[in-house]
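Going by the order they are written in, the chains are A, B, C and D; count residues from 1 in each one.
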Amino acid sequence: MANSKFEYVKAFERDDRILPSTWIVVRIDGRGFHKFTERHGFTKPNDARALHLMNAVAMEVVKDLPDIVLSYGISDEYSFVLKRNTTLFERRESKIVTTIVSNFTANYIYMWPDYFPETKLQRPLPTFDGRAVPYPTTHILRDYMRWRQVDAHINNLYNTTFWALIQQGGMTAAEAEKELAHTLSADKNEILFSRFGINYNKEDEMYKKGSVIFREFEKGKEVDGGEDVPDERMTKSQLEKRKKAYKKSQIVVRFVDIMNDPFYDERPWILGTAKE
Amino acid sequence: MANSKFEYVKAFERDDRILPSTWIVVRIDGRGFHKFTERHGFTKPNDARALHLMNAVAMEVVKDLPDIVLSYGISDEYSFVLKRNTTLFERRESKIVTTIVSNFTANYIYMWPDYFPETKLQRPLPTFDGRAVPYPTTHILRDYMRWRQVDAHINNLYNTTFWALIQQGGMTAAEAEKELAHTLSADKNEILFSRFGINYNKEDEMYKKGSVIFREFEKGKEVDGGEDVPDERMTKSQLEKRKKAYKKSQIVVRFVDIMNDPFYDERPWILGTAKE
Amino acid sequence: MANSKFEYVKAFERDDRILPSTWIVVRIDGRGFHKFTERHGFTKPNDARALHLMNAVAMEVVKDLPDIVLSYGISDEYSFVLKRNTTLFERRESKIVTTIVSNFTANYIYMWPDYFPETKLQRPLPTFDGRAVPYPTTHILRDYMRWRQVDAHINNLYNTTFWALIQQGGMTAAEAEKELAHTLSADKNEILFSRFGINYNKEDEMYKKGSVIFREFEKGKEVDGGEDVPDERMTKSQLEKRKKAYKKSQIVVRFVDIMNDPFYDERPWILGTAKE
Amino acid sequence: MANSKFEYVKAFERDDRILPSTWIVVRIDGRGFHKFTERHGFTKPNDARALHLMNAVAMEVVKDLPDIVLSYGISDEYSFVLKRNTTLFERRESKIVTTIVSNFTANYIYMWPDYFPETKLQRPLPTFDGRAVPYPTTHILRDYMRWRQVDAHINNLYNTTFWALIQQGGMTAAEAEKELAHTLSADKNEILFSRFGINYNKEDEMYKKGSVIFREFEKGKEVDGGEDVPDERMTKSQLEKRKKAYKKSQIVVRFVDIMNDPFYDERPWILGTAKE
């Protein structure tokens, strides 16, 4: 930007760098997706094409920003975890959040035809908002992941039962809602099984668990992503080594438990080994 | 979101509401557009198709968010001014910025084929980052607009001369850069005219002035957009009246001076009449 | 501070500069003053010695920080208005607030014996907390001042009646509270007058209006304090002139109306003449 | 505060709660203490009375705010560490910082005559500014403490040598400064020893190490202060037990090493046992 006497207006910009040494979670959410999914004929309660599209889009975001060590998607939302010591964009909140949101949106529109070849996108277009939240300890970050996965479970069980009552039980939405008011998980499982012969445990893992994106390395060639060493403090050869290992690593989507230790214990490169 | 004992993690979200009664400017910028424009064969120094695409995209954003009273675009950036008393998303910064960025990005990808029918979009896709800045007085907001328009002028004069030296003068980029080092505006005008017969004043207004988007009303049916009355304090009939007037109003793009008073004096509905 | 490899911990300090070009109000409040006043035998409903002490203390703060253009005190609170373009401590919030709070506290303890010569200060000592709030327009700042003066009036009328019921009417605190529940201003005036012969209008102006501190200049030698010119943009001779005028000016305490225009119109150097 | 239509001005106050689950350090600094110490005849390089006053004052602050688990003072500054899960004042930054600053200032003025019985306090009075900084991990908090203690050492060695050169060596301040430019620690130790017969290691521990304030418990009756359990999650009997233990505990000042593990390992109630 060129100099001028009006440049003083830049002084009104706030320094929005996120507290160092905290895990940064960027969560994005579809705006007005209830109507959007109706207008575009999404299958209920889950539309596999739409979820695979979300996952493919998230993969592109992760490829673009290697400091993302873990991502988790359910329904029309996705959470991206940046490694604790990331210095991406000097940790500036606006820059981080808008870059991820823009990247996600661009890919969603761009890849839409691959997943919905027969449904043309119509206005209002799908868009996403986002926010960044810092988590000071790995323990609390782990609870964040649990929060989202519990949410996924509760919502999916509800939706599966709700739509079974409508699609197979012939109820209206209002009737189904009333039927499910004050029911517990066990009740919903029972409704599904006794009335519709659905064993919830056998439902698609992607629907029940949500989608988890992370890096897998060849055995013995693991490189720590979430480790407590900022890039600036790594030597050139360390950075080079990681870069190579990253290239050979594979970004994968899995539908697995992230509530408990095994997932993290088996992949210490994701959040590191520090127990907090 | 369902309840669970992990929900405490929400307490780590910051309340990011922007100071009330300030003008909010959201400025978005293309990320890595230098390479993007090269890969997609943009005409230099200005590509009319690309600028018209930016304008069409910004129009969609303005249609979607009627609290935007003024927008200004140059090159790969766009500024959106929200009215002083907007309560859009409770003035939450992340929500406002990401919504605008996502909306802009979605439309850019979606409308690309209309403006570049012969150029398929290739990865890395065009994306935008953004930030929100509050301005406490109309005077300083006016200086913000001046800052951007002065920038537009300086950059366009430089680029026009730079590319003339290359495209018509046969220089390399390095030679052109050297030639222009330490030159003043008058010098560049002179180079353009004497060497290439270009009268800079006759260049396209869109290139020289940038693009200004705002609402025009039928004479006598103006409704104040930037006025100092928050929606909550308006009566139902006032809100209704404004809504109707908005529907009949036209969102327009003009390539005009926004440095001086006439633009605002003739359209008091944009920033109000308060002189600060 | 000396250099060391541990100095990186400074990076966790947040940049807390307050938005430029806003009026900054620092309001301080006595902590636990209810008990403090009881322990130190304050006269109820108002203790003139205590209020004069508060005013004398505030005067010292104003002398120390000439960028304070207006102050207003009631009961155990004081508001200090810094001029819109102050660059005091680079507008860093913590620095501004703690300096004022510390200065106020130091003077309160130091000057206590002058106002309470027969009452020794006892632990817990009187302390004050504080906060800074930015106001983007003069109009809203004026409303802030109105808010505090309306508060002063409502509280003082209530307290005056409450203590008359107790001290002269022989009620208990609970009875007085019950008596006053749901009464309007007119009712309280009536109680005071008909039962106790007190004409509220004739009560001490300091109790009814609160205390206003500002600068008075000799006629013709006024210097604008709240004006829209930051110190950095003033010439040396302008700064010198103001310094001289300040020295000759007098900081005064008055018990006057700050709800309406006359106070400000007659003293344009306080908030400037800009009508917002 | 009474209700009025002007109360909307409260909406301009920012929610300034500090990120949960971070260690909060409040550091206060004397304002203009260079001149203050000269005017009040402080002994150079260290004035024992002044340091004991600082320590006594800090003790009062710690007594008043039991969530402070560790404090450290050097020269005219003091750092107070609040336990990681403190909910003091809902973690509101302004409230926490101003309360500590005000409390410190009040006690400094109040206790002055006990430590300087023959020196009357003169204006400008001693005041302190302060700031709060959140630290996300115990490791980084430990580095903060190291930073301050290294600073204490470096400054005290410099000052001790500087004043020996002046007081015993007959140099001017400028000469002493020049003499010390570019010297290392070993050089200063050598100057002290060879020229003035001073063995720096035998200097007063308070000067060399600074002052550390914390709680000591009777053996077997320790109660964790910095532990990771917020008060709200403790049972009544746990809270009661801690309160009793606190009453029996002793707040002490020690001049000891806080760079290395032993201090913390022997007192796990200060920062907890979590190794981060």
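Here is the rule we use: a contact is a pair of C-beta atoms (placed from the backbone, for glycine too) under 8 Å apart; a residue touches a chain by one contact, two chains touch by 3 or more.
Per UniProt, the chains are A, B, C, D = tRNA(His) guanylyltransferase.
Nothing here was measured: the structure is a model prediction, and the numbers come from that model.
Q: Stepping chain to touching chain, what's the minimum from subunit B (tRNA(His) guanylyltransferase) to subunit C (tRNA(His) guanylyltransferase)?
A: The least step count works out to 1.
Q: What is the graph distance from subunit B (tRNA(His) guanylyltransferase) to subunit D (tRNA(His) guanylyltransferase), where chains are linked when they touch?
A: Minimum step count, subunit B (tRNA(His) guanylyltransferase) to subunit D (tRNA(His) guanylyltransferase): 1.
Q: Report which of C-D and A-D is connected by more C-beta pairs in contact.
A: C-D
Q: Averaging over Cα atoms per chain, report the distance between subunit C (tRNA(His) guanylyltransferase) and subunit D (tRNA(His) guanylyltransferase) in Å.
A: 31
Q: Nearest whole angstrom, what separates the Cα centre of subunit A (tRNA(His) guanylyltransferase) from the Cα centre of subunit C (tRNA(His) guanylyltransferase)?
A: Going by mean C-alpha positions, subunit A (tRNA(His) guanylyltransferase) sits 50 Å from subunit C (tRNA(His) guanylyltransferase).
Q: Between subunit A (tRNA(His) guanylyltransferase) and subunit D (tRNA(His) guanylyltransferase), what is the gap in Å from one C-alpha centre to the other?
A: 43
Q: Two-or-more-chain contact residues of subunit D (tRNA(His) guanylyltransferase), please, as numbers and ranges.
A: 12, 14, 19-21, 134, 140
Q: If we count contacts the way the header does, which residues on subunit C (tRNA(His) guanylyltransferase) are in touch with subunit B (tRNA(His) guanylyltransferase) in the complex?
A: 19-22, 134, 136-137, 140, 274, 276
Q: Can you check the complex and tell me which residues of subunit B (tRNA(His) guanylyltransferase) touch subunit D (tRNA(His) guanylyltransferase)?
A: 11-12, 14-15, 17, 19-21
Q: Over in the complex, which subunit D (tRNA(His) guanylyltransferase) residues touch subunit C (tRNA(His) guanylyltransferase)? Could you list them?
A: 1-2, 4, 6-10, 12-14, 28, 31, 64, 93-95, 97-99, 101-110, 121, 124-135, 140, 143-144, 146-147, 150-151, 154-155
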